[in-house]
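Report on the following structure.
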Amino acid sequence: MESRTTGSLLRIWSILVVLFLYVPLAVIVLYAFNRSNVQTWPIEHFSTRWFSVAWHDQEVRDAFVLSFKVACAATAVALVLGTAASFAVARYRFFGVNSVSFLVVIPIALPGVITGIALQSSFAVAGIPFSLWTIMIGHATFCIVIVFNNVIARLRRMQPSIEDASMDLGANGLQTFRYVLFPELRSALVAGGLLAFALSWDEVIVTIFTAGGNTTIPIWIWTGLRTGGSGSEINVVAAVVVVLSIVPVYCAQRLTTGTGDGRAAAEDLGTLAAVGGAQSSGV
Amino acid sequence: MKKRIAVIALATAALLATSVAATAKPASKKLSGTLKVVAWEGYTENQWVKPFEKQTGCTVQHQYAGSSDEMYNLMKKNAGYDLVSASGDASNRLIASGLVQPIDPSTIPNWKQLTPQLVKGPNHYVDGKYYGLPWQWGPNVLMWNTAKYSGATNSWSALYDPKNKGKITIPNNPIQIADAALYLSKTKPALGIKDPYELNSAQLHAAVLLLKQQRPLIKAYWGFATDEVKIFQTGGATLGAAWPLAVAQLTRAGMKVSQTIPKEGATGWSDVWMLAKHPKNQPCAEAWLKYAAGAKVQAEVAKFNTYTPANLQSCKALGATLCKQLHADGDTAYLNRIKFWKTPLSDCGNGKNECAPYSEWVQAWTSIKG
Amino acid sequence: MTKAESPLTRLSAFFFRHRGLKLVLLLAVPLAWLIGVYLASLGSLLVQSFWRADELSPNPVHVWNLDNYREFLTGDPVYRSIVARTIGFAAITTLVDIVLAFPLAYYLTRVARPRTRRLMLVLITVPLFSSLIVRLYSVRLILDDGGILHSLLATFGLNVQIGFTELAMAIAFAYVWLPFMILPVYAALERVPGSLIEASRDLGAKGSTTFRTVVLPLAFPGVVAGSIFTFSLTLGDFITPAIVGGDNHQLIGSVVYSNFGIANNAPFAAAFATVPLVIMAVYLLAARRLGAFDHL
């Protein structure tokens, strides 16, 4: 056990770091209540009028709907592909198994701007017009790894013999999956899916290149900040996004702790959050 | 049998009657759908867009661009834009790339009211066809915060003066090289710069050198007019190259700013609306063109941005003082003083191909910013 | 008295006997996606880097040449200085974030109670999912010449103006990428068994020795994993230089973005983009060697 002083020092340092993480977020929420559209300091008047402006803004609503649709589609694709790939890697030995895990990781390990320009020029060459689907393709590609990492971590803790035992008892493959595997995997799938959803929701760098004229919430914020007209309205939307994003993160965390021992669960959270968070900044 | 024939005859008559009635309705132009527009800031404000939407039934969706490069890029991205408000350094590229289609002046009622020079302007009048509807034009001015800056303002040299280090902001746009070239054409006549957009390599080199010397003095580069507004309001700049829109916005926000065209002259832009080659909503696009040619509409836009409208009749709607201030009364002398943006091409127009094309300007700009 | 075999049972028996086929089916779609969509796009980007942009047309001219590579490798030195600057920012960000993250991660694994730990992990993860752009804009508001930091320090009589400077950009980078360093380091430290540390103590080592010889080496792969993120994110970022840096200090991402998205010079952007690609490829291979992938 660490000495008392070391422990206290570490505690103080940790609290300071967490506060450091939250100061800019607090500033966003503060400015959401700024009556003026100019973000000077100090804030002269407070008001809630921008909340109503944002609520009634059709562009914001459309952007919310589009972001939601894209996130759902990307998550669905990522769940299917990520789970399939993780089964392949966890349960089979084959030539190139390490390459597959490497391949899955590349989309988040490479800078997002490269993924973005590569996809955009491919779409241009193939003559594919920009739409919800082009955005979804970009998102799904790096969401695969999140589901992959979650499911594979769970699969590695499960014994393969349980599947064999189920089959010995007369169940076919589908029944085994439904009654034996799926309940074990369910929380990993949901956690991975939630994080994939949250990432797609907030992704901006690749989206800038694959959206064409379509506007998701992050794109709306990006163009809004650059053209400056809707300064405080953006703060409102951003504040709402921050608060909303607490939900999937908290749920994912609850789902991973409580199964298995605490340490493995915490490691799960650390891993999946680290991987998951990468995309929100468009790695 | 007779009854059936009677019913059929009645139905046919009713059908004919309604269809005749429908076509005989006065042209109330109830169109529908979304009109997607690429525009400079300040061109699609609600005060004139909402009446258009009400009148026609079209919904306007705008996408702002901060530079002609962005506009060109947006139009080529196959993203379904119908219209673009292009300046001269994008319009010719758009025409050459086949991204826009000619406009038929006979469909625009107010065509005759537009400033003749702009109507036949080389930025859109190519091969006898009109590719653009002249909209607004204006200079790139020198703007300063009258409360915080008290130095000289009659010359662009203020932007190159080390005394003003850390207080200057200029556009993040390779076309700025033309501004430096224009300044040099007056301060270093030996270089022989006649057209700031047609620079041979020695002239380009000189302009780049000047901008590199200016680099340490810059507080920040602005991309959108509202960027510049922010940089003035909270960013610490007190002096800069600006569009009159920024002056208008800062004044509306309560800051005391002033603008001028320094003695060396100014670059500027003449913007035209262009119709995409394959618009998604052609009827709405054409309706917008008709609407945008109107004197009242152009006057409103001019007032908001403090730009100059292309429609000479707008002068009345602006009122005598504003009309004079904006030179909206057909002041051809003023118009001729402004060196409007155009795409630098390697073809200098004198048979030689020694001028630097735009791609070299872009590389040079990266080099300048470091 | 065996049940009649349903077609599903026959199918799963088939797959049980032909495991290879099942594997192929499992891998087919994900690989098709990753290779056919993602790698193919990267490939086509690479091909474009050998072409040239056309003056008046939107599409590149399909003339094979090495001009783009020559331009930034041996041409105008500004490109090399931009690469150096970007790597510099990446390195500084990584170091600062390691310093900030390590004690926090150590606290979470060795000192904090389980409830505090869970709470803090959630708190650390939430900022990752709030809009990156808005967080950067908020940092700019704080660091602006008329902003919060300036006002705060002015009350102490200090006139600090760091708006749009490289220092502001460094602070912004360290801030936005911090959670990416905390979490892998935490995951790595989490794996260090407490018994190992106890054993080291029992053998007579002082706290600092234990830390240096037992904890640090075991946590190192996690640090490397975190650095993959901080490096990769910085190498491609164009938003931070634009928002926080006022476009004063170009980074690799800015050049790629402005050439591709604005100046219509996709070939040059593609060529220049191979620089961060190569850097990250080398980094990833080295990191895999060091075992960081277990913590990714």
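Chains here go by letter, A, B and C, matching the order in which they are written, and residues are numbered from 1 within each.
Everything that follows uses one rule, which is that a residue touches a chain if its C-beta (ideal position, glycine included) is under 8 Å from a C-beta of that chain, and two chains touch if they have at least 3 such contacts.
Just so we're clear, the structure is a prediction, and the values are computed from it rather than from any experiment.
Distance from subunit C peaks, on a Cα-centroid basis, for B. Among the chain pairings, A-C comes first (most C-beta pairs in contact). With each centre defined as the average position of its C-alpha atoms, the distance from subunit B to subunit C rounds to 39 Å. Rounded to a whole number, the gap between the C-alpha centres of subunit A and subunit C is 14 angstrom.
Of all residues in subunit C, those that touch two or more other chains are 141, 144, 146-147, 261. The multi-chain contact residues of subunit A, meaning those touching 2 or more other chains, are 39-41, 120.
Among all residues of subunit B, those that touch two or more other chains are 223, 233-234.
The touching residues of subunit C, counted against subunit A in their complex, run 3, 6, 8-9, 11-13, 15-16, 19, 23, 26-27, 29-31, 33-35, 37-42, 44-45, 48, 100-101, 103-104, 106-108, 110-112, 114, 117-118, 120-135, 137-139, 141-142, 144, 146-148, 151, 175-180, 182-184, 186-187, 190-191, 207, 225-226, 228-229, 232-233, 235-239, 243, 253, 256-257, 260-261, 266, 269-270, 273, 276-277, 280, 284, 288, 293, 295-296.
Listed in rising order, the residues of subunit A touching subunit B in the complex are 38-41, 120, 124, 127, 129-130, 212-213, 223, 226-229. In the complex of the two chains, the subunit C residues touching subunit B come out as 53, 55-58, 71, 76, 78-79, 81-82, 141, 144-147, 161, 163-164, 242, 246-250, 255, 258-259, 261-265. Across the complex, subunit B meets subunit C through its residues 67, 69-70, 72-73, 76, 92-93, 96-97, 99, 166, 172, 174, 218-221, 223, 231, 233-236, 345-346, 357-359, 362-363, 366-367, 369-370. Within the complex formed with subunit C, the residues of subunit A that make contact are 2-3, 6-7, 10-11, 13-14, 17-18, 20-25, 27-28, 31, 39-42, 77, 80-82, 84-85, 87-88, 92, 94, 100-107, 109-115, 117-122, 125, 137, 140-141, 144, 149, 167, 170, 172-176, 198-199, 201-202, 204-205, 208-209, 217-218, 221-222, 225, 234-235, 238, 241-242, 245-246, 248-250, 253, 257, 262-263, 266-267, 269-271, 273-278, 280-283.
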